[in-house]
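Should a chain be cited, it is by its letter among A, B, C and D, assigned in written order, with residues numbered from 1 in that chain.
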Amino acid sequence: MTTTAITDITLIDGRGGAPERGVTVLVDEDRFSAIGPTATTPIPDGARVVGGAGRWMVPGYVNGNVHLLDAWMFMVGPGTIEYLARWEGRYVEVIEEAAQLVLRNGVTTVFDTYNAIEPVLAARDRINAGTSAGARIFAAGTIVGLGGPFSADFHFIGQQAASRTFVNRIDAMFEAGVGHQLSLLPRNEVRSRVRDYLARGVDMLKIAVSDHIVFTVGFDRSCQTFSRPVLEVMFEEARAAGVPVLTHSVSVEALDTSVDLGADVLIHANYTLGQHIPDYLIDKIAASDSYAGLQTVHHEHREGLERVGSWAATLAGEPYASNERALIRAKAKILMNTDAGCPSKDHLADLSPAEREDRPWTIGGDHFHWTQSIVEKGMTPLEAISAATLNVARAYGKDADIGSVETGKLADFVLLDADPTADIRHLRSISAVYQAGVAVDRGALPTTPLVTAHPA
Amino acid sequence: MTTTAITDITLIDGRGGAPERGVTVLVDEDRFSAIGPTATTPIPDGARVVGGAGRWMVPGYVNGNVHLLDAWMFMVGPGTIEYLARWEGRYVEVIEEAAQLVLRNGVTTVFDTYNAIEPVLAARDRINAGTSAGARIFAAGTIVGLGGPFSADFHFIGQQAASRTFVNRIDAMFEAGVGHQLSLLPRNEVRSRVRDYLARGVDMLKIAVSDHIVFTVGFDRSCQTFSRPVLEVMFEEARAAGVPVLTHSVSVEALDTSVDLGADVLIHANYTLGQHIPDYLIDKIAASDSYAGLQTVHHEHREGLERVGSWAATLAGEPYASNERALIRAKAKILMNTDAGCPSKDHLADLSPAEREDRPWTIGGDHFHWTQSIVEKGMTPLEAISAATLNVARAYGKDADIGSVETGKLADFVLLDADPTADIRHLRSISAVYQAGVAVDRGALPTTPLVTAHPA
Amino acid sequence: MTTTAITDITLIDGRGGAPERGVTVLVDEDRFSAIGPTATTPIPDGARVVGGAGRWMVPGYVNGNVHLLDAWMFMVGPGTIEYLARWEGRYVEVIEEAAQLVLRNGVTTVFDTYNAIEPVLAARDRINAGTSAGARIFAAGTIVGLGGPFSADFHFIGQQAASRTFVNRIDAMFEAGVGHQLSLLPRNEVRSRVRDYLARGVDMLKIAVSDHIVFTVGFDRSCQTFSRPVLEVMFEEARAAGVPVLTHSVSVEALDTSVDLGADVLIHANYTLGQHIPDYLIDKIAASDSYAGLQTVHHEHREGLERVGSWAATLAGEPYASNERALIRAKAKILMNTDAGCPSKDHLADLSPAEREDRPWTIGGDHFHWTQSIVEKGMTPLEAISAATLNVARAYGKDADIGSVETGKLADFVLLDADPTADIRHLRSISAVYQAGVAVDRGALPTTPLVTAHPA
Amino acid sequence: MTTTAITDITLIDGRGGAPERGVTVLVDEDRFSAIGPTATTPIPDGARVVGGAGRWMVPGYVNGNVHLLDAWMFMVGPGTIEYLARWEGRYVEVIEEAAQLVLRNGVTTVFDTYNAIEPVLAARDRINAGTSAGARIFAAGTIVGLGGPFSADFHFIGQQAASRTFVNRIDAMFEAGVGHQLSLLPRNEVRSRVRDYLARGVDMLKIAVSDHIVFTVGFDRSCQTFSRPVLEVMFEEARAAGVPVLTHSVSVEALDTSVDLGADVLIHANYTLGQHIPDYLIDKIAASDSYAGLQTVHHEHREGLERVGSWAATLAGEPYASNERALIRAKAKILMNTDAGCPSKDHLADLSPAEREDRPWTIGGDHFHWTQSIVEKGMTPLEAISAATLNVARAYGKDADIGSVETGKLADFVLLDADPTADIRHLRSISAVYQAGVAVDRGALPTTPLVTAHPA
């Protein structure tokens, strides 16, 4: 049995308590085996010792909402056809590349909540089996009720510029039988479709409670994708399959419905298209078992977006920031959910520097951006760290294994050179990342770059 | 007191019973005062006598769903800007012109279920007060939850070709504070918006249970515009205001929801985007108090549409025709609802002859088309006549005054030269139309043609 | 015979010479009959005397390029369908309204260089015959080789939002048989088409030497509409018909071609899409008999356009301003050509205040804007006044009758309250306008407002 | 020295004479060394003997107009982004694949007349040097005056769906400094741009006399890209560089201009957008030194296109077929020019079977289609064979080396199993292809399939 001992570290274990100085953490194989004061924690013979003096240990970061094929780009459009054509047949590799980029930056687990089901499950299986490097993946596949990249939910105009054959093939990969056409089916047919879908082995079920067509029809409306009875059918099936339920909502009423139904995770709960979440609903969320994912933008980036007149500035402003503050104030259970992906270099090159730098939707830096932003909105640094680690694990029911530095859990952790409670931005000061007890060779990631290598 | 006596008529009173031959009908002022066998029904002195031998009397036709400003055109797009610009400031006149065209063809009352609220109420008030000629109007104003003519619900691309100022002005006229933006509001705000709207004096409340964006995003999805609690709020407000509720639905689940909520009228209940209505729901509708409006196309027109490859052929085919048949078979309460309007001559000129002739969505011939089609789907001629008269009145709670030839009701009736029970198309064989006891000067209608006079 | 005497005026006669003080001008009927020092110019008995002391007399302004139906709007698109639908059947009135607005502001003659041929000739005939008020009109009808308002030359996307029937009807009105389809015809067919067109009675022939599709395909290309032999055919026909030739060009090569062919007027000669006119060509123009129309924007307006990010700012900047300066410096013969029309109020309401105020393409103020701008580019005020009066008349061969205050010419003149040579903006200080010897009732113009009255 | 002897063959040498039976053809190294009656033509010792009895020998086919990256697809649009993104960085390989597909079908030389200059020249150099297999390539690079794949000349709407960065990068590859922006430049700048372009080593200069924006603005206009003086500048530069000049024209006047200027090849001379070529111009072409490329569609394919309502049917009908017949009748010098490329499988999958089968614009079968079609239009089979071999070589000035079976020329030839003079479709009955004396391993082509292998 291989043992690693990190000695004399200052430990922030993810559960929200004050940092403990002078701690020794032992790792046997892939899990934490002992945690205690250095003085009283013996180091077994033959252990590999890592000196932690002057360093901070935090749990491996956990991102509750990513799209390893860059769904953000599908949403805004330009670049989508290129990206999906260029890498067609290699999506598994692209997904792995994204998972490697996040791991390089300390994220040891991600929850991918919209993707083409086959490649994301294949990449999940490869990474989780150790065949390929990368952040551990839990995957929802598609969002039930949403269409593929060329549907009205995403890059609708792309249909006019791509071959019909390609559009159909790609959209079908994403829709996986539970796409937007589901909205037309009677409840019994929905039940059997969702049951079949769950049987494919997804780790969670994400439901489009709100529609997703704002980029096609405008930001001044949002409908409910499904009737209440149909939503109940979906929840029943997910419960029967033993997987957590995530909801996509962008309106007050869809958010309320999601809480009512007992969603485990409310993705981007602060997005309620131009409306403040009413007080009653803030309280209802806080009193519920649902975890609220937030999307958040710090003021520096917001100011940059405003300066260049980017539409994304609206995402960074009111009422969304107020919604975040209200949920934090009400002590709602909050988790990190960045919606980030790995965009093509061409897509990024289209942006102005103000949009590109410190972009909250680009994988790699997104979680640093998020934790900085959420502290700005009222969390303490310790709360922010829990939101970016243990809360995510709990929300998804994975806290038996991950999310905190506790004996018996998988030894996912990050060593920092500077104190993140003094300045949350010190989460960037990574000196080492361990995943399941193994030191990550960060310099070697990504292992076989595609997206990040194009164009040369 | 003026009395008119129609003698020796064959009476089809609208209640579904067998025609009675040799009937004399007396009209005092605006109402029927006596109905009986000619032999036993004395004609008062001074009465104006109309010989009815060889003729049939049916109630004035009642259309449960029209749009006197042509909303069908808004939906398919081209022509909309022209029409709305050309007649801006004169919409009241255009609405009256449409109401006059239908009256000329025997329709004595219409229910207008999507229109700009101010002009349609103004036209209603003018006609109902006798200031202007035309079919009696009951008006819903807009459909709650739908946007105006240039929103994604109708001619969205028109936004790119019209001035923003015009678009906003026109859309606001239609949306009347309860447009598509309502979908974003919390339920309490919805309540006060709907209450304010009802206070403007509409005759019924029409709710978009389904969204209305198929022409923008495609026919392969349909969302629920509102959450169930919001829908309940709307129904409560309509009930409190004492007006009937109509629902717009185009999917199985939205139809089910509408029945669940106790809608008075299910507009185009057979439209369930490509799906057969499940048997359970057919039975549920039949067992409910809701009246099902149907849209129907007879086979000759359908064949014409198919021959020229018109998209409208899909509306005429399966599964919609099967849905109609199933509802008829299940003895659901059915009413005539044609969705017709008065399109611009340019819009019609764009169509092929096969699309233009006997078009079910052009006011004037629409109800003839409808009755012919519905008999084709399984109704007897007598049932079809009830569906086009008394059923509409009952559905909307207006049967104390209109819908059948009964003593005490308003004397709206049509005299025919041929037997409609022998061939339903004989409803066209109109020799006279009476509205509230007054013979309509059909040749003088429309009184001040605009739409029908352009271009000269 | 009615005589009017304007006494003691300071005269700027349009020929470029220094102002003469203390002049008396006599007008008999519609023409100037005597001009001389007040002391030596006797006033006939019975003459109506207008005291001119403290005032300046300039010739009635003459605009060498307007579109009385607002073609500028057709070019940028939004608003076009509305405008053309709203006033269809009344274009003659709209054209008259525009002609009245310019007359109110001192412009006694305009050259309309793109319009629907029938209404513009009808309005011309009505005004020139005195049946209707307005600036005297000379009209080219269409631009040979350009399509109508819904062709790719103007509001191409409008085809997707308007009925095909309307589009075809309106486009045909403008194209008049010599539209863009002419580019496909062999030279002999072009000849007969142009001959037929000239026979309709236009006052000049305007030829699209450059194409006009920049708003459809972008500003980074410009082709020649016709081959050189075809252009020669057109010139021959115009010469045979005795009318001047105008050329539309937007590239260096098309401008060169136009000069080569001996065009009488080079419309917007400074517009050479992003290119400086080469020195050789500046000299060639100056040495030629061609008059160069310029479009010009003064710096205040340009700065406003830049501030709001209007695309129109590019028209106001380099290299166009340099081209203007170079042509002025080279002593090219320059005339006022504003391209202005009478836009709908909705179209103007879409603009920001910076774009709307002092807009060079809105009729009424356009010539004030132009003269101010051209002085800014290097002309003296006296030269600017000639460019806005006599030069236009000479270019179009109308200087026997108009363009200057000379005995025998039509008595078109403006009386000013402030000295325009001190500040060219004083051309706005109009106290009276005379057209053909008659004092214009400026307050009554327009006589029957349509465009300017909508929406109320 | 290796010698190959093909004995007892029936020879059709490409020069138009009657087939000669019983011929022996000797090939030394890469060239024909002797041709004569078998009886009198001794076979050198050690020669490799190929028995030709019962076979026909024709020159290797030569295609005067192909686009080895499929420009036809760029023109109609859908599929373009995918194709260019998928293979970016590998265009050389795609071009080689196309060249291999044509070689497999007997085409030993192609003239590529629109392509990205760098990859097409690289592929040319690789193939011509023997580094890679494929039809010998002569390349024009771009068409001077046309933009890249995402300009208005091709898939303009693609700009809305692709990243700006990608669009600009790809368009610049194609435009190579002589794109559509050239239309704005003064003639001297054009001269230096064209001179620089020629210095890059293209084999011919292709000039856009007509514009190429029909797919963006419609088929009812066509302008001249350049003024006459600019065209003359281009011809001068091409002459100075010693390369032939090709012209792109789609109107009568542009065709006339091209002949006037002395173009070597008039690409698709029969395309004159809806107009019959006037008799005077037919005669002028026939009397000139210019070779007329024709595009032609045989009646079976035309009927298929018409049946499915394909727009391409217009290309196959009148007046283009009449133009072909007139040019053939007038004895104009005609060459095969198919415009074919290697489309993506997705692009082809979008088409109906009627469009896809025997498609004249898909490489591989295009020349069989062409020769069949041109015989249908009036050529004898022998004339058709010359048009598809020697005429092309002569037009481009390559007849010293290729185009016919003559002593001293490169030994490019095809052996057929059936008599093409009996039925021109027998050109498909290929039993062997030789290129420069080497038997082509047809079964191994393409050597490294990309386009034809995707999707698997």
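As a convention for this text, contacts are C-beta pairs under 8 Å (C-beta built on N, C-alpha and C of every residue); 3 or more make two chains touch, one makes a residue touch a chain.
Composition by chain, UniProt nomenclature: A, B, C, D = Phenylurea hydrolase A.
No experiment lies behind these values; they were computed from the predicted model shown.
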Legend entry - Set of chains whose contacts include both chain C and chain A: B, D
Inset, instruction - Among all other chains, pick the one whose mean CA position is farthest from the mean CA position of chain C. - result: A
Inset, instruction - Please compute the C-alpha centroid of chain B, do the same for chain D, then give the distance between them in whole Å. - result: 62
Inset, instruction - Compute the distance, rounded to whole Å, between the mean C-alpha positions of chain C and chain D. - result: 51
Legend entry - Of chain A, residues touching chain B in the complex: 147, 152, 156, 180-181, 183-188, 211, 213, 216-218, 220-230, 251-254, 256-257, 272-275, 278, 281
Legend entry - chain C-facing residues of chain B, complex: 77-83, 85-86, 88-89, 155, 157-158, 160-166, 169, 344-347, 349-350, 454-456
